[in-house]
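Heads up, the next two complexes both have chain A, just with different partners, chain B and then chain C.
For the complex of A and B:
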């Protein structure tokens, strides 16, 4: 689900359910980080409702977020390609981190 | 291939070095060059300066090489190996202060995005900062 809210410059947000069977373990974390790094935008993610946003380009922090199977991941991005970044990350997570995508 | 920092894995055990390199290739992909060495020339546990020099030269990238090591001798021998490189290569090789498996995977993930050697090292060493 991609929502665009232009209230604050070019911030795009979205959320997606983590369907991966064992949650955000090492391999999905690497894929998510590699994909995030392809965009110029600042990208942050968090498990829905968590206090802190995590830099989606930091693989150590993404692995440490320990998102569980079934949790909702919130994504926000700021920058010229923010909309595409949010859409790409939602697609990666929603399609269960297919091989060869990132 | 040459526009990313390369990774060299140095363990006392050839099996650990190879297994770590396999994890990097599977998890991160093939865009980052990875070389590994482990064990002494007699086939036992240990590290060899000559084998480390070969691994660095095999993995060579003009953007630099980040070395991940396991226990004590792996670090000192890696530092000696760096000293034995051609002078123009020495400044482009760093030994990271990071756990070998996690450090290698995270360094390679960072390298895959085209980051500099200093950025790659910082990401690997983030793990031992806390």
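For the complex of A and C:
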């Protein structure tokens, strides 16, 4: 369900595999939302194929997404810094949420 | 007098030993009355301000707590900064709900969602959410943004107590913790033991009182005690103090011996920090280093992180032996993303070595780190939950291939001595079939499997007797096989840390025990007494 009513420009998307051994739990979820909040863009994520997109800036919703180890996370962003946001989130997840990020 | 005095003693379970005498303070969530709603604007502002206050309090706690506790607290702060969550609460306030009721409804919904998760990890997080819910409620209901005002040295009584509340209380002048529910294995119990705060759990219903005596050894709470009760309590405390002092003195003496045999006393450690306990230096080595702590929510640590941890312990031990047990997940130790979900009977499921062999990609990282650490000290590696010899051989082959691969790349590595935990009855009964450099008896699981009693089921507590003849028979057989074949046998379960079990274990033929650091002095003293003619 990609929105087409984008007034602010282009939607950027990407996907990345969750390599974190225990899945999207508290610590990774906190890092992900902290990083997402650094961007102005609206950022949504979902486990590949899931019906609903989740606000990447809501830690409660990210936790409730219950993404397991090995699942593919889809990311989309809309806004002035959308492209950078998608790249940054992909990098965070792909590098397994290293310390000192976000 | 006697009659009325005895009616005021309540019995629970020990979570942390020690004695506390002081004012009795009840700490209950929701002690303050419900909030009377102001205007919509008032309520929205009250919520914002309560969230700010709570964030500040938690950030201060995190700075003090550090480590794992800090990560839990960081998650709580992130929830308070979650605009989606807050806007749902503001919406309810907009419909006329008081701030406290609106906050509670949204948090309760989240808690219920976590509790219904099949995932043990999320279930465990629900108590963090309840902690956060109660903190903000307390502020909204006029509990003030202040830390709990508890007089120093108090016996604090609560239904249960979240870790953050424990950390807020000033324990510098002692005190004790009496929980009506709670568990000796909870996070709070670990914190209490680490701080040396006596703690008794599962007291059931307790009336109001103004002063209390808490005996962490006898697991009793006495309220508004008589002079006679205080006298008896002080006597017990004095005996405890003297026994601790003389046990500490014994630690400094050379190794324990019994009937002319030297008894090796090693320690069990859960994490590297356990070595900071001053008594640890007197141990003959590390008999069991658990590695499950590495599998925290940080996820599986990489090879380098693991190597650093193992190397640190080997450096501490110098030439003394260090036995590291490979990941023992599963059973009552679920690790999300590693252990299988939905097993009907996880104690009989894919756990211990079974799980590691089923997940070679995770196992291999640990084996690589261990192979590199093996060149740095006296390392032994032990596999948990072994049933058949072919499992050990499969693990040995995996390990040997890894060592060869590392050496081929010019990395210093070697295959350490490999041994097994004896905890499955089948392994104990066919002990001669194993090619093993040493055996370590895991008496907790061995007793649970031999007695067919889930050790976490309180209703079976009277049946779970580690001194049952069947358990002792298997220990004796294992020790005897070791003696005949010249293979060292030790025991690393809770039995070894229990002075009442020591005579039986020595009689079974064991000459090596691995105990909790906090029990080292007492066990050495027990053996010393038995050896000097006080025993069997």
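Just so we're on the same page, the second predicted complex is superposed on the first by the 93 of 102 C-alpha atoms of A that agree within 3 Å, B and C clash if a C-alpha of one lies under 4 Å from a C-alpha of the other, contacts with A are read in each partner's own complex, and residues count from 1 in each chain.
Basically, a contact is a pair of C-beta atoms (placed from the backbone, for glycine too) under 8 Å apart; a residue touches a chain by one contact, two chains touch by 3 or more.
It should be emphasised that the depicted structure is a prediction, and the values quoted were computed from it without experimental measurement.
Undergrad: Fit or clash for chain B plus chain C once both are placed on chain A?
TA: In the superposition, chain B runs into chain C.
Undergrad: Touch test for A:21: chain B only (first), chain C only (second), both, or neither?
TA: Only chain C is touched by A:21; chain B is not.
Undergrad: Check whether chain B or chain C contacts more residues of chain A in the superposed model.
TA: Larger number of chain A residues touched: C.
Undergrad: Using the touch definition from the top, say if A:38 reaches chain B (first), chain C (second), both or neither.
TA: first
Undergrad: Return first, second, both or neither, reflecting whether A:58 touches chain B, chain C, both chains, or no partner chain.
TA: A:58: touches chain B and chain C.
Undergrad: Just to be sure I read the superposition right, which of the two partners does A:96 touch: chain B = first, chain C = second, or both, or neither?
TA: After superposition on chain A, A:96 lies in contact with chain C alone.
Undergrad: Between chain B and chain C, whom does A:30 touch in the aligned arrangement: first, second, both, or neither?
TA: Both partners.
Undergrad: Scan A:68 for contacts with chain B and chain C and give back first, second, both or neither.
TA: Second partner only, chain C.
Undergrad: Once the shared chain is lined up, is A:48 touching chain B (first), chain C (second), both, or neither of them?
TA: Neither: A:48 stays clear of chain B and chain C.
Undergrad: Kindly point out the stretch of chain C, out of 8-16, 26-34 or 494-502, that overlaps with chain B after superposition on chain A.
TA: 26-34
Undergrad: Which parts of chain A are touched by chain B and by chain C alike?
TA: In chain A, positions 26-27, 30, 33-34, 57-60 sit in both the chain B and chain C interfaces.
Undergrad: Which chain C residues qualify as touching chain A in the complex?
TA: Against chain A, the touching part of chain C is residues 71-72, 74-75, 78-79, 81-85, 110, 113, 117, 119, 121-122, 125, 128, 295, 297-300, 335-338, 362.
Undergrad: Please give the residue numbers of chain A that touch chain C in the complex, ascending.
TA: 20-23, 25-30, 33-34, 55, 57-61, 63-64, 66, 68-69, 96-97
Undergrad: Any idea which chain A residues touch chain B in the complex?
TA: So the residues of chain A in touch with chain B come to 26-27, 30, 33-34, 37-38, 57-60.
Undergrad: Going by the contact rule set out above, which residues of chain B touch chain A in the complex?
TA: 26-29, 105-106, 109-110, 112-113, 123, 126-127
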